[in-house]
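The same chain A turns up in both complexes below, where it pairs with chain B and then with chain C.
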Partner chain A sequence: MDLNEKVTEIVADIFELDETEVADELTPDMVDIWDSLSQLRLVTAIEQDFDIKLSMDEIESIDSVGRLKRLVAEHVKLS
Partner chain B sequence: MDSDLRQALKSAGSWADLQAVLHDVERDALGARDVHVVHRALSRSAKSDGLSADLRVAYLSNHTVEPLPGYVEVAAAFEGLCLASYVGPSGQHFQEVLTPGSGLESFGPDVILLELSMRTLSPRIYGEFLSLSAEARRKEREEIVGGILDWVMLARQNTDATLLIANFPRPVYSQAGIADTKTEYGEAEFYAELNLELLRGLRGDSRAFLFDLDAAITRVGTLGSHDPKLYYVAKMQWDAVCAPQIAEELLRYVKALKGQTRKCLVLDLDNTLWGGVVGEDGPLGVKVGEGDPVAEAFQEFQRAIRALKEKGTILALCSKNNPEDALEVFEKRPEMVLAIEDFSAQRINWEPKPANIASIAAELNIGEDSVVFIDDNPAECELVRQVLPHVKVIHLPRDPSLYAGLLRKTLDFEKLTLTEEDREKAEQYRENAERESMRTQVGDLESYIEKLGTVVSLGTARDHHVPRVHQLFTKSNQFNVTTVRYSLAEVEGFVADARFNLGVMRVEDKFGDLGIVGLYLVEDTGDIARIDSVIMSCRAMGRGIETALINRIKADHLASGRASALEAEFRPTQKNKPVATLFEQQGFALIEAGDDGSRRYRLEAGASETLECPGIAVQSMEND
Partner chain C sequence: MKLGQIARRFLIPSFVVTGVYLVKHRCMVSPKAEVELNKLISLGKGTDISSFAKLKANDGKLTVGENVSIGTCCFISADQGGVSIGDYSMVGPNSSIIGNNYRYDQLDVPICLQEKTSKGIHIGENVWIGAGTVVVDGARIESGAIVAPNSVVSGRVPKDAIVQGNPAKVIFQRR
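What follows is the complex of A and B.
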């Protein structure tokens, strides 16, 4: 599965959205339950499923699904 | 978890649908994302079914306790239990139990987990250990233990919940490094003594338990259980690797509190108790003992089994073999940890295993849902699963080095406390076998009961009876007229409240002491006394002891003039048929029969008679 698709799937699972609703432009204020706690839940799921670790700065910088995809791509490329 | 399963979970509507999907899911293999998906599905189905929780669990802590409650709810769902969770505001565990109308009070917890992080509880100990004098460290320890025990006392007074108090895992590295153990009152000593004092402070408490967080964390490895950034970002102490372990530890309590403790372990022989096949390799050829890696692994497995026996699990054998071959291994191999006498029932024959297991359950007078069956053969396991769906089947992995660990990890045999009855259970079942053989010899029931020489002692329950009484309330199914499962707090309440007459019954006979095997609970409601519960362990059934017990109720309440009538009730369950007509037999008059099979009875003082219990000597309990 393509990396972007997998991120989309995980985001959909954590925020209980349909995958078609998960666009790169999706931001926390567009999703009711996207708060700091569920953002951490998302990060934990992403870290486990891609076997990567994000830094505190990186977590704080996640302001859209697109940004998350770029972060994951960078880490996966590095490892 | 594959995407099909995930999809099935998302579309599962009812609790029953969800249980069916979970059947195909491996709990240990769930990642953080899967747990979230399962958790959402649980919440949806519980809501849509209007399900009320089997157990209400509150979490009080001084850090962000998420994601723990979700993990616990998911783990419990795999055991068929629906939990409700409440997380108290961080650091307010005292306010929560003291303030009328607090979130905790309105939630009404059955269980409270108090889990405090040293980081917040004592920043000086956590961060500045080396700058404190040994004296200051000791004083800090005393204050921490004192504070927690104070909280326990207040929580006992203000809630009915069972209390679980987490101990403290040691920091990953000591601040003094390897010199810590040469320092006066270093961190190793501080944490060891802190945890020991908590353990000792709680051991004698029937309602508060030390929650061994330290052991749960150790299973993961302290380094791997904690992602430091989660603390800085969200004050979250436990990460997604650690949460499942803590959840599983908590689930042990949940299962024990819900009476989901299984009573009997049925074992196969070849490639289960020993390596190889006795019919082919011969009794001297099968592998068990020292000097060979495989043989040692089987010996270790036997040790794990024996430990279960010692804490009161009944052992039984079910193996396809010639009985002579199998018995020869027990006779000729001193390396065997288990003796043939350790097994209270044996089926070594060529009959199908489901039939054998059903007959073992019948012989021991226990339900199929009290049985765990262990076998290495996948076909046998599958057959038992299909024919006896209530039996828990454990299929052994290929590698015997994994057997012992697998058994020790099992949640099915957990007990909150070990009572005298637990420790002597195997002995008692052996005595039962002797009774049974005498019964066959003697022939008729009357002379058998005569020969048994049964002595029944009856008396009022006292504080030290609470764990055993609670065990009888949670675990007895057959001889149980109303099957109300009372909590530890409620049992304590009955002992303390003069309005309730809670009695216990000890039974002895020529073969031995059966222990506390029965109870009655009667409530004074003015002129009428209401029999709330009459319970007897299945081991004591079948010799007319119940008449002595009911006679005692009549004497306590009617003959004494305390009440003018007794009222009683029978509420049918799938298992309590043996007591369906108990009250008729004891002279009560039926006054109402419900559509659901329930029946209400009444016995006027004028109509009450003390019935004879032939062959049974009855005495008042003294100093028990």
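What follows is the complex of A and C.
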């Protein structure tokens, strides 16, 4: 499973979506239960799965699934 | 209820209680809050107790630190184990912090007549408890933690953790 597929799977799991609904353009406004707390749950799940740690600035900058994927890719590359 | 306790609870006008806490402890207790004048209750400087909050201490200490904010309609009850809330903590409206339990091991005795137990509750400094949260006896919330609204805390919340749910679980570690 590649990075994008893994992120998609986690996003779908946290926000109770079908994986086919998780596009890079998906934003918090488009998901009813994507609030500040569920975003933190998402980040924790991502960090545990990829063994990375995002900064608060990075966490606050997550405004779409695409942005999240780019952040994860950057951190995975670094580690 | 002892006679002195009845007198303190029902005969002392609330504005007197507000005045005593303001002068003696330099904290603001709303005249509409219910905080009895009791040696077991200690409120720190700059602490604010909002209207309709009720603070009681029966057989143990209720210690509230400095600059603590207790929201409207909160209920805080301390028993033998005591309840302590650290400096700069915030307790959101409609939250309950209940420092005792009833035993329920005798089926033929009404629960309210069975023995009370109290392990106590510790809430550290700079803790933010969201509205509607229930903190039950034995809970320990370490400094810097955040409890999401409507959570139920019964165990230990690690330092700087954000917890949510019933039972409250760590969803994020502050950094």
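Just so we're on the same page, the second predicted complex is superposed on the first by the 79 of 79 C-alpha atoms of A that agree within 3 Å, B and C clash if a C-alpha of one lies under 4 Å from a C-alpha of the other, contacts with A are read in each partner's own complex, and residues count from 1 in each chain.
One rule holds in what follows: a contact is a pair of C-beta atoms (placed from the backbone, for glycine too) under 8 Å apart; a residue touches a chain by one contact, two chains touch by 3 or more.
Not measured: the values here are computed from a predicted model.
In the superposed model, A:Ala23 lies in contact with neither chain B nor chain C. When both complexes are overlaid on chain A, the residue A:Val76 reaches neither chain B nor chain C. Touched residues of chain A were counted for both chain B and chain C, and B has more of them.
Of the two partner chains placed by superposition, chain B and chain C are both touched by A:Ser55.
Of the two partner chains, chain B and chain C are each touched by A:Thr44.
Of the two partner chains placed by the overlay, only chain B lies in contact with A:Asp13; chain C stays clear of it. Residue overlap on chain A between its contacts with chain B in one complex and with chain C in the other: 37, 40-41, 44, 55-56.
Chain C meets chain A in the complex at residues 148, 162, 164, 170-173, 175.
Across the interface of their complex, chain C is touched by residues 37, 40-41, 43-44, 53, 55-56 of chain A. Listing the residues of chain B that touch chain A in their complex gives 3, 6, 31-33, 36-37, 40, 64, 66-67, 229-230, 232-234, 236, 239-240. On the chain A side of its complex with chain B, the touching residues are 9-10, 13-14, 16, 36-37, 40-41, 44-45, 48-49, 55-56, 59-60.
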